[in-house]
C-alpha cells in the first residue's frame, strides 16, 4: 500500500538499499509503544519500509500496556531467537538493562531509539536514534510561552506512562521558566467524549494554552474549543501528526504540532543494522537526533500528504 | 407379577423400555408405564429409585438414552420442556422450578405469560396475572399478602403450593406431580388431593409420585413400583390391598421389624421414664 | 388451654415470648416453648405458620427481635449458628443447608471437619470422614456409590438422609429437625423415627417439626401448635387424643368436609367410571 | 409508596443526589452547576448509559460481554473506513456497521450457549480478536491507526443532526439515552421477554424446565449489547469526524460498573435498567466533578475510587434504611 | 484413575499440551523449544501463576479482587522508595510492603464482609485509590514515575539470591510458583480451611448455618491475594532494580483469566489451584509463543484471542469426553 514516493527525503543519505541481499538478515524491534498508538504506528511504518528496502526480515513487538516487565520479556524472547540485530527503546533503563546487556553479551548489535539517549552508552548500545521526550516537550513549552501563554494545560491521556509524563514535564518546565503556570489534566485516551468534557471543564479555570500529547487528545481538545467558541483565543499545540491535525494547523485552529520525525526512528536503525550485518560498516556512534521539528501554518500543507501515508 | 390390562383406546401417555444413566449410575433401566385419560397413576419407590428421573424424562428435561414414548398412541420425541408443555404435559418438579429472586406472580406464569396489546406494544398482563395468582392460591388455602414478594422468602409449603397451583392451572392433558404434598400441612395436602381428583374427573391423566402410602391409596387407581431404576410391575387398585402396597413401598419385612422396635423404644426405655419423673 | 407442667429441673432449652418479623410479616409473635432432656417436642402447624422461623431462631440463624432464651436455665444469646453448634444444638434445616457442588463427605463434615496431624501439618482427615459417612448412611439404608460424588446429583430423599445423619452424628444436647421425613420413603422415614427415639433414649432433647400426624403421634411426647406466628398452646400426650391432634393440625372441621368431598369425587364421578369402561 | 421504596434503583438515585450535592458545594463556583458544566457530565453519562442499559439486561440474564469496548472501536473504524476509503454514504456505512455488530453479538451468544463456556472467557476472546483485527485491518489499509475526515462523507449533515447535534447546549445523545432506557426498562418489566430475562439469569434450569427458551433469550441479549456498542461508536465517529483503533477500550468494565452501581447483581437474576442509568449518571458526575473541583491529576484516581465507594455505601445505606422503614 | 479423569484441571492440562505442540511445530525453529525460550514463558507463567493461585482460592470462595494489579505497583513502589529515598535495607522495605499489603487485603475483606457490597465494586474502588495514591505519592516525593537504583540498596545481594537469581538459566520464581501452588492446593483440598473455602463460595448461607466462619475465611483470602501481589512486586522490583507506577496494570484480569482457564467458576464454589497453574502456563505460553512465531504485532491480539478460545474449547472437549468415558 506504500507508493514509491513514500521513501523518505534522504536526510541521512547513507542508507542505500542494496540491489540484492547477500545474507538472510533478521532484525528484531522491541519498543514500549503499541502499533495501535499513533506515534508508534509511524515508527512501525518506518521499520516496515526499511525492511522492504533492505530485504531484511524484521519483527516488531511491544507490550500491550506501558509495562517494562513485559517489555523486558519480549526482549528476552527476541534474544532467544538469535537475531542479527536488535532495536529497542529504553524508557526505563533500570528495568530493561538486564535484558539489553544480555543481548549485547550474546553478541547481538543493539541500537536504541526514541528514549534512552542518556544511558545507551553504558548498556553497550551502539547508536541512539531520536531525542528525548523531555526535550521535545520543552521545545513545545518554549513555543507556547513565546505565543504569550501564561496559564497552560497539558492534556495527558495516560498518566503514569513515563514518556508521556516526560513530555508534560518538559512542557510545563518551559512554561514555568518563562514565568507562567500550568498543570496536567488526565483524560481517557479511549473515549473522546470524556476527553472533550474534561477539557471543557478545565477551560473554565482561565486556561489560555493547551498542549495535548497526541492526536487522541488534540481532536477532543479542538472539539472542546470549538464548542465553547474558544478557537484562536486559547492556543492549542500537540504532539504527533495526523491529517486532521495538519488540516487544523493549516486552517489556523491549532498553533503548531511537534514532530519527532519518528518515521526515521524506525527506518534508520534497520538500515544501519542491515549494512552492519552485510558489510560490517557502522556510523562512528553517538546520537542521531531526529527532531524536534515543528509543523506550523507555514509548512502544514506540505506535510499533509505524507501524513496520510503514515510517514509523518 | 402384573396382569396386562386390556385397553380400548391408546393411553394418553406411554413409555416403553425407557433407560437413562448418569455417569456410572443407571437411574432407569427398561422402565415401561402408561397413564390413561381419567386415571391417577402412582409411581412409588424408595429414595433414589429413579422416580424423579422418570418424571423428568416424561417432561422433556432429560432425553432418554433408549426407549420410546407415545402420546395418544403416536410416537413422539420431546426435545425440551417447552415442547412437552406445548404437547399438553404440565409438571410439578420435586425441586419446584422456581426463580427465588422473582415475585410469585412472575414465577407462576414463567414461560407462559399472559399478554395483552398488539405486537409492538404487546406486554405482560401483570394485572391479570396477579388476579389469577391470588385466586388460585386462595383456593389452596394460602393467603399471599403481596404477590410481588419474591418467592425466596416464602415458606417451603407455600412454595410447593404455588408450584402445584401453577401446574393445575396450566394442566391440559397430562398432569405430573413429583412428591407434591411432601412439605404441605394436613389441610393443604387434602386440598391437593382434591385437585388431583378434580383433574381426573375432567379426564386428565395424572402421574403422581409420593412417599405417603395413605395418600397413594386414597387417590391412586394404578401403582407402578420402581426399585433401583427397574420397574417391579404395575398393579391396579383391585389387584393389591392397602397393606400389601405399604409393605411393597417399605421393602417388606423390614418395616414390621422397625415398627416393633420403635414401639419397644418408646415404651420401655428406662431413662426416659425416669426423666418424666 | 394447656395446664402447666411441673418441673424438677430446668428444661434443656427454653424460649420465652420470642418475636420476629420480616418486613411487614410477623412470622413469630410471643412464642414460648421448651424442651426437656429425654423428650420429643413436636412443633406443628399450617404452612407459613412460622415453624421454620422458630427453628432458625433456636439455631442462631435468625436473631430474635424480642424474647429470651435459656439453656439449662441460664440465659443465653446465640450470635451465630456456630455458636449454637458449640452450645450443643444440632439442626436439620428444611432447606437442608448443603453445598450442591461439594462431595457428600465434605458436606457431611462442613464446619466440623475431623483433623489429624499437628499444627502446621494439621489436615482434614478425608479417610476418616469417608468411613464415617459411609457407615452413617448405610445405617439409614442409603447406599452411596461414591462419597466423593457432588451432593447436587443426589435424589431429594438421599440429600435429606445425609442432613439427618449429619445432625444425629453431631447432635449433643438438643437435636432440631425441620420436616426431616418429608422427602423420605416409608422405610427411610421409619429409620429416622427410630433415630429420634434413640436420641431421646440417650437423654437428648429433640424438637421435631412435621406435617405428618401419624409420625407426630408415634414419636412425640408434647406438642406445640403454631398458627400464623402465635402459639396455640402446648399439650402433652395424655392431654390430647390422636384424633384431636389431627383435627388441630388440619384446622378442625374443614378436614372432615374435605375427606367427605374427596370420597364423593372418587366414587361418584361418572366420566371416570366410563373411562374405566 | 412501598413499591417505590422497594425498587433496586432507589439507592443509586440517592447516590446521585449525594454526589451532586457534594460537588455543588465544593465545585459549584467553578462551573459544575452551570448549564455548560451539566451538559458535559450528562453527555458522558448518556453514552455510558446507553451501553449500561444493554449490559444490565445481559447481566440480569446471567452473562457478561467483555467485547463491547472493542466493538466500539471496530464499528467506528468500519464506518470511517467505508466512508473515507470507498466514498460510501455515511448511512450505508452505519448500516453495514450495525449489521456487522449484530453478527458479532450473535456469534458471541451462539458460542456461549452452545459450548456452555463462561461468557467471561468467550467474550474476552472476542475482545482480543475484534480489537486485534481492527488494528490489523486499519493499518493494512491505511498504514495508520486513526482515520478522520468523516465530515466530508456523503450525507454527513443528516447523520450529524441525528447523532451529534446539540439542543440548547445539551448533546442529542441524552435524548437517545432516555429513550433507550425507557424502552429497555419497559421490555424488562412489562413484557414476556422481560420475564424470561429474569428467569434465564435467576434460575436457568428452572426457567428451562418451565419452557423458557433460555438460549434464544441470551443470544438476543448479546446482539442487543453489540448493537448498543455500535450505536455509541456511531455517536463518537460522527461527533469527532473519525475513528481511532483504541476507542472504547475499557468501556466494558465501565458499563458493568454502572450496572452494578445501579443494583444489578453480578450473578444475574436481579437488577434494573433505570438503576443502570443512575449508575452511569453517578459515574459521569464523579468523573467530571473531580475535574471541576480542580483535583490534581496525579491524585485523580484516588478521588474517583473514594467517591465510588462512598456512592455505593450511600446506596447500600439507603436500601438498608428502606427495609427498616417497611417494617 | 477415575479420580484423575474427574479433576477440573485436566482440561487445562490438555490445553497446555495442545498449545505447546502447536508452537513447537510452528515456532520450534526460532527458539521456542530452546532452553532460553522455555525460560521466558516459564518466568511469565510463574509470576502470573503465583497470583492466580491466590486469586483462584478467592474466586472459589465467591469473591473477586480487582485491586491486585495496582497492589503490585503500590508494593513495588513502597520498596523502591524506602530503599532509594530513606536508604533502608531492602529486607526492611520488603517487610513494610508486605505488612501494608496485608493491611489493604484486610481492609478490602472487611468492607466486603461488613457492607455485603459486591467485591467487584469494592476492589474496583481500591484499585483506583491504590493506583492513584501510588502515582500521587511517587510524584510528590520524586517528581517522576519511575524509581530505580535498587541494586544499591543495603542487603540487595541476599534479596537477589532469593527473588531474582537464575538456576540453570531458569528464574528462581518458578520454584516459588511450584511451592505456592502445592501449598495452596494442599490447603484447599486437604485442610479444614479448604473445606470452608468451598462452602463459603458454593452456598454461603448453608455454610454459615453449619457454623463455617464465612467472613473470616473471606478476609483471610483477600489478605492472601494481596500478599501474593506484594510477592510479585518484590520479584519484579528486585529483578528490575526499581519500580514503575504502572507496573502490574491489568494483572488482575490476567489472573482471573488464568483461574477460569483452569476450571474455576466465576460464580464461586468450584475450582482448582493446580488448574490455575496450568491456566497461567497456558497464558504465558501463548503470549511468548506468538512472539517466537513472529506474528506481526498488528495481528497479535487476534492470535491471542483465537488461541485462547481454542485452548478453552480443547479444555471443554476433553472434560466432555472424560464424562463420556466414565459412563
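Read from first to last, the chains carry the letters A, B, C, D and E; within each, the first residue is number 1.
Note that a residue touches a chain if its C-beta (ideal position, glycine included) is under 8 Å from a C-beta of that chain, and two chains touch if they have at least 3 such contacts.
Just so you know, these numbers come straight off a predicted model, no measurement behind them.
Peer 1: Just how many steps, at minimum, does a route from chain A to chain D need if it may pass only between touching chains?
Peer 2: 1
Peer 1: When all chain pairs are ranked by how many C-beta pairs they have in contact, which pair ranks first?
Peer 2: Most contacting pair of chains: B-C.
Peer 1: Could you please state the distance in Å, as a whole number, between where the Cα atoms of chain C are centred and where those of chain E are centred?
Peer 2: Chain centres of chain C and chain E, defined by C-alpha means, are spaced 45 Å apart.
Peer 1: For chain B and chain C, let me know how many angstrom lie between their CA-based centres, rounded off.
Peer 2: Result: the chain centres lie 24 Å from each other.
Peer 1: Can you work out the whole-Å distance between the CA centroids of chain C and chain D?
Peer 2: Computed value for the inter-centroid distance: 49 Å.
Peer 1: Could you tell me the distance, in whole angstrom, between the mean C-alpha positions of chain D and chain E?
Peer 2: Chain D and chain E have C-alpha centres separated by 29 Å.
Peer 1: What residues in chain C touch two or more of the other chains?
Peer 2: 24, 95
Peer 1: Provide the list of chain E residues touching at least two other chains, using ranges where the numbers run on.
Peer 2: Those would be 131, 135, 296, 298, 300-301.
Peer 1: Where in chain A do residues touch at least two different other chains?
Peer 2: Counting only residues that touch two or more other chains, chain A contributes 35, 44, 159.
Peer 1: Going by the contact rule at the top, pick out the chain B residues touching chain D in the complex.
Peer 2: 59, 61, 80-82, 84-86, 91, 93, 95-102, 106, 109-113, 115, 122-124, 126, 148
Peer 1: If we count contacts the way the header does, which residues on chain E are in touch with chain C in the complex?
Peer 2: 3, 186, 190-192, 194-196, 198-199, 202-203, 205-213, 269-270
Peer 1: If you look only at chain D, which of its residues touch chain A in the complex?
Peer 2: 30-31, 34, 36-37, 40-41, 43-44, 47, 69, 135, 139-146, 148-149, 166, 235-236, 239-242, 244-251, 287-288, 291-292, 294, 296-298, 300
Peer 1: In the complex formed with chain E, which residues of chain D make contact?
Peer 2: Where chain D meets chain E, its residues are 111, 115-118, 120-122, 124-133, 135-136, 139-140, 253, 256-257, 260-261, 265-267, 296, 298-306, 308-309, 312-313, 316.
Peer 1: For chain B, which residues are in contact with chain C within the complex?
Peer 2: 8, 22, 24-25, 36-39, 45-49, 51-52, 94-95, 142, 145, 153-158, 160-161, 179, 182-191, 193-194, 197-198, 200-203, 211-214, 218-219, 221, 246, 249-251, 254-255, 258-259, 261-262, 265-266, 269, 271-272, 274-277
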